[in-house]
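One structure follows; several queries about it will come next.
Each chain gets a letter, A, B, C and D, in the order it is written, and its residues are counted from 1.
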Amino acid sequence: MLWTGLSPDEARTYIEQKDKSKRDKRMTMTEAVQTFVKDGDNIGVGGFVNSRQPVAIAHEIIRQGRKDLILSFQSAGLVPDYLLGAMALKPDHLSVQRMEFAYCGHEYAGTSSMLRYMTENEKIFIEDWTNFSMSARFKAGAMGVPFLPIRSGLGGDIEKCNRSQTIQCPFSQRNILLIPACHPDVGILHVQEADIYGNCRIKGQTFTCPEIAMASKNVIVTCDKLIDHEIIAMDPTRTSIPFFAVDAVVELPFGSYPTVCHDIHYYDKIHLEHFKGLTDAFRKGDRDSLAAYYDAYIYGVADTDQFIDKIPYNQLKYARQTESRNLELQTHLTPPIA
Amino acid sequence: MLWTGLSPDEARTYIEQKDKSKRDKRMTMTEAVQTFVKDGDNIGVGGFVNSRQPVAIAHEIIRQGRKDLILSFQSAGLVPDYLLGAMALKPDHLSVQRMEFAYCGHEYAGTSSMLRYMTENEKIFIEDWTNFSMSARFKAGAMGVPFLPIRSGLGGDIEKCNRSQTIQCPFSQRNILLIPACHPDVGILHVQEADIYGNCRIKGQTFTCPEIAMASKNVIVTCDKLIDHEIIAMDPTRTSIPFFAVDAVVELPFGSYPTVCHDIHYYDKIHLEHFKGLTDAFRKGDRDSLAAYYDAYIYGVADTDQFIDKIPYNQLKYARQTESRNLELQTHLTPPIA
Amino acid sequence: MTDYATDYSPGEMIVTAGARQLENNKVIFAGTGLPMVGITLAQLTNGPGIIPVFEAGAVGPTLDRGLPLSVGDSRTTSRANFIQGLNSAFELTQRGFIDIGFIGGAEIDPYGNLNSTMIGNFPENYMKPVVRLPGSGGAGDMSCSCTYTILIVQHELRRFVEKLQYCTSIGHMDGSKDARKKAGLQGKGPKWVITTKALMGFDDETKRMKILATMPGETVESVQAVTGFDLMVDADVYEFAPPSKEEIRLIRDVIDPTQIFCKR
Amino acid sequence: MTDYATDYSPGEMIVTAGARQLENNKVIFAGTGLPMVGITLAQLTNGPGIIPVFEAGAVGPTLDRGLPLSVGDSRTTSRANFIQGLNSAFELTQRGFIDIGFIGGAEIDPYGNLNSTMIGNFPENYMKPVVRLPGSGGAGDMSCSCTYTILIVQHELRRFVEKLQYCTSIGHMDGSKDARKKAGLQGKGPKWVITTKALMGFDDETKRMKILATMPGETVESVQAVTGFDLMVDADVYEFAPPSKEEIRLIRDVIDPTQIFCKR
């Protein structure tokens, strides 16, 4: 049995020995990635499709370069595309060896050309799961058990390609699927609010961010806003992730831009679709346009502030103004033009 | 394999066929208990020890009388004591045949004399669990799986007395305990706030109330306060239990009195200790004092309003004033005298 | 008498058919795209009490911020009753709280099994497919655990195949008696298949796909002509009514005015 | 030089000993009663960074509303960092986030296994015990999954027994090598036993209980005299220092002024 990331016993031992003190964990993005992301790491990617994807952390990983990464997520769009795109352009600088996932694509905006390019050219190892089975794998890791039983995937081809095992339930005598825990080496998450100790507040759906945080060996969190610990202490039932699961807190407004961040900003469809178009073109042979994007928006900037500085203000403004607002109020806004 | 309450397949089928519409579920307590609590039922008891115990529902069950009940909970104090006390006094009116639990007692206020009386005289069937294993049994039921794996209870005597099974984990090859789901026939819960559809907001610790709600066939909820659905819709991340899991909503201020209800009132230690003293006396042979309590506070009142009406106002007031308040502010209050 | 539209697109026909099949007050697992449009249409017509659930965690929202572009979109949360995350949504499904799920796929077989993973030889070329599709997402889970599912597939010969290249979402498996139950599954599996050509169900005995109704302008023969396996035909096969003018107005003016999912 | 108290109760001695054994900045699973007093005392003295976790769901609160009467008490939530429920708290433990757990019991054996379930013949009289105790509560779980545990038991001959009547909370099992690991457990098991008579540990090889220090006024002999099995004695056995005046002041004036748990 191959455990990618940590085995349950390794994951338990690491947390046992970890410094769980309540201390200031602020870091720069550069430091956080230098400290916690290593070659060969299994990276648990937070967010869901193009919602609250940890884009800023992915950009920094690309800037620094890492080899032989494993990506674990249920459904994701922009972050795997960014990482796979970086690999497609400069495999000696950044490479992904394996993905464990349920869906890689962009829903309304179509399939992932980078996934197609990588798989159809046999450049990465793929392990297919479903959204529930991947979510439950993180949950098993978070709960500290080596597996969870689920009632998905019994009798199809997915479980033939992955490490799940069918057993007969000793209580009900019916078949049930056991899925192994996923303990990433590092969880990368963007949240709306965190305090300096790492207590995180997620607005809207949590996706599987709390589970990834609890399951991972180390966790890097970017937050749109650093909040006073007092605010956490005044209503601890709103804390989504407790401080002792988090290792680095980076205050980074727009850290998940151009994906949607609940209550903060909606998608920047123009930027998303622009990048998507470049990956489509890459798959059809146009390497240079995608390379130019990376040079301009990732390698050519020092950090997320500089990346955001390159986004036209009316796109940023529209993304913010269209978030958490009813349709009637949205109709009075003028959409930016690509 | 004996399933008490519903088997996983029965529990699934029942929910499949259930009317899950968003409709007004307000009922009187009398109706709710008449409709949803039957002889022989497995009752999932919400709350924890003497926190947020569903006292009002227990009183109504005692008034109406039920036979051969099964009580499932992790740790509880007052509700099992009330039910066992009723059985001790009038076994033809109310009886408990079995308890599946981890702890029955009153923490600071000592052990349960009713548990001692019933077990030491071999009047009920006992199945011991731990707080985690009972909590996980409700969680398994809530998740819709027939079991969950946990790492408690391997090698002690508890799992020798209960239905858990040790297996070798097919991934890690280490021993692990499987605990069977618990699907009560009826979950009885007290919460601070609910809307008419059954969306519940729990303040403070949730204990295992959401898990019991999702695992049960039917659910009766009492709430200190009925709130507008608008309030739920404005912040759905605060909903602890979704409406479609709930069958009856009874607005009942002080529905968990004299146990503590987070943010509403602290313990009424005088009343709690008074009742506890009567159960202690019962075990030592004084039947009449306990019978007098039941006649005065349960059989002699029509409902919880009348029960509360019998509590001296300064006890009610002190319980409210000592809740969610720091020690400095509490020192200015005058405790009532028993 | 209903005033039928004469000018409507294939997508609009599918959405209308999907909406009409939905019973009021049911809990429905909403996927991205046409299902979301169909559910919203049903809520505005025959199913005001329909409760949508989105797999990223929102239960029972009102889609008053516009059509979500994703099931994880913040727009799925507006005025919801309950919001947690993916595990919560799928556990609700596993527990039996989700009556109906909408699922799509790139290929479908006679038993309603679907492929949304890969085109190519499986298992030989799993690591080097001819075309790699996005993968299961939540469809594989919905197919297992919703009480029943409605499938939406583009009706083309290459997509309606006797044998899938890869089975992502489990339908009636090989059609044998109690196949799903024996496998350990809970939901009843696919109930309907809705395409631009027909409304289909599954035979009670064989579990093979059966034409229940043909879409306007289609015949049993024209449907069979674009299907790569033999379809059964219901004894009472009928012609499905086209979208009404009101249904089309709702789709175009209210639900999807910018044609995100429902092209004209 | 520390100013020692001369007037203190057995409970106050236990609380003081418990507090002194706690390392700063550790996450500690707090049970009702003396452990709660001990943790609070440690926070006010050697362990200001100690993070208490309560099994009903509160992580890292400040006990500024008075001593909780229960681990599910609303007082355990004040100014906490994170609050969910029981499953969450025990899953944190299972995952490895809880460094230390305090556990009590009615009986203890040489290997630190504890009974808090029943007095009587097990399994014969399980359904009709001589004395039924409240049951495991969370102790059985803490004993399995905290990184290590500290046991607090009243030091009486009838409680320190070679063989338990029922094993509720698992210690070093039969003392055999890797017994806990082989059973499937994760935590390291009991590290210390604190009583009114002695501070004890466990022998590295045999896992049997060993006197590390005697409480003031006690000797190895007086401790052995109230113990129903042979205690090992550490080579460097010492006399534990009595509570300081400051420790007693904190217990009496600040932490438990109404003597809820710590009688004088």
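In the analysis below, a residue touches a chain if its C-beta (ideal position, glycine included) is under 8 Å from a C-beta of that chain, and two chains touch if they have at least 3 such contacts.
Only a predicted model underlies this, so the values are computations on that prediction, with no experimental measurement involved.
**Student:** Which other chains touch chain B while also touching chain C?
**Tutor:** Expected: A.
**Student:** Just give me the whole-number Å value for how far the CA centre of chain C lies from that of chain D.
**Tutor:** 57
**Student:** Using mean CA coordinates as chain centres, what's the gap between chain A and chain C in Å?
**Tutor:** 28
**Student:** Taking each chain's centre as the mean position of its Cα atoms, how many Å separate chain A from chain B?
**Tutor:** 40
**Student:** What positions in chain B touch 2 or more of the other chains?
**Tutor:** Residues 144-145, 150-151, 174, 176, 204, 237 of chain B touch two or more partner chains.
**Student:** What are the residue numbers in chain D that touch two or more other chains?
**Tutor:** 58, 77, 83-84, 93-94, 145, 186
**Student:** If each chain is a node and each touching pair an edge, is that a line, ring, star, complete or other?
**Tutor:** The chain contacts form none of line, ring, star or complete graph.
**Student:** Strictly by the criterion at the top, what is the full list of touching chain pairs?
**Tutor:** So, checking each combination of chains, I get A-B, A-C, A-D, B-C, B-D as the touching pairs.
**Student:** Which residues of chain A touch chain D in the complex?
**Tutor:** 11-16, 18-22, 142-145, 197, 199, 214, 232-234, 236-237, 239, 241-245
**Student:** Which residues, counting only chain A, touch chain B once they are in their complex?
**Tutor:** 1, 3, 7-9, 144-151, 163, 165, 167, 169-172, 174, 176, 178, 180-181, 203-204, 237-238
**Student:** Give every residue of chain D touching chain B within the complex, in rising order.
**Tutor:** 32-33, 54-58, 64-66, 69-74, 76-78, 83-87, 90, 93-94, 113, 117-118, 122-123, 126-141, 144-145, 166-170, 173, 179-186, 260-261
**Student:** Contact residues on chain C for chain B in the complex?
**Tutor:** That would be residues 25-27, 49, 51, 58-62, 77, 79-84, 91-97, 99, 145, 147, 186 of chain C.
**Student:** For chain B, which residues are in contact with chain D within the complex?
**Tutor:** Residues of chain B touching chain D: 47-52, 74-75, 101-105, 107-109, 111-112, 115-116, 119-122, 125-126, 128-133, 135-136, 139, 150-158, 160-161, 166, 174-177, 204-211, 260-263, 266-267, 269, 323-327, 330.
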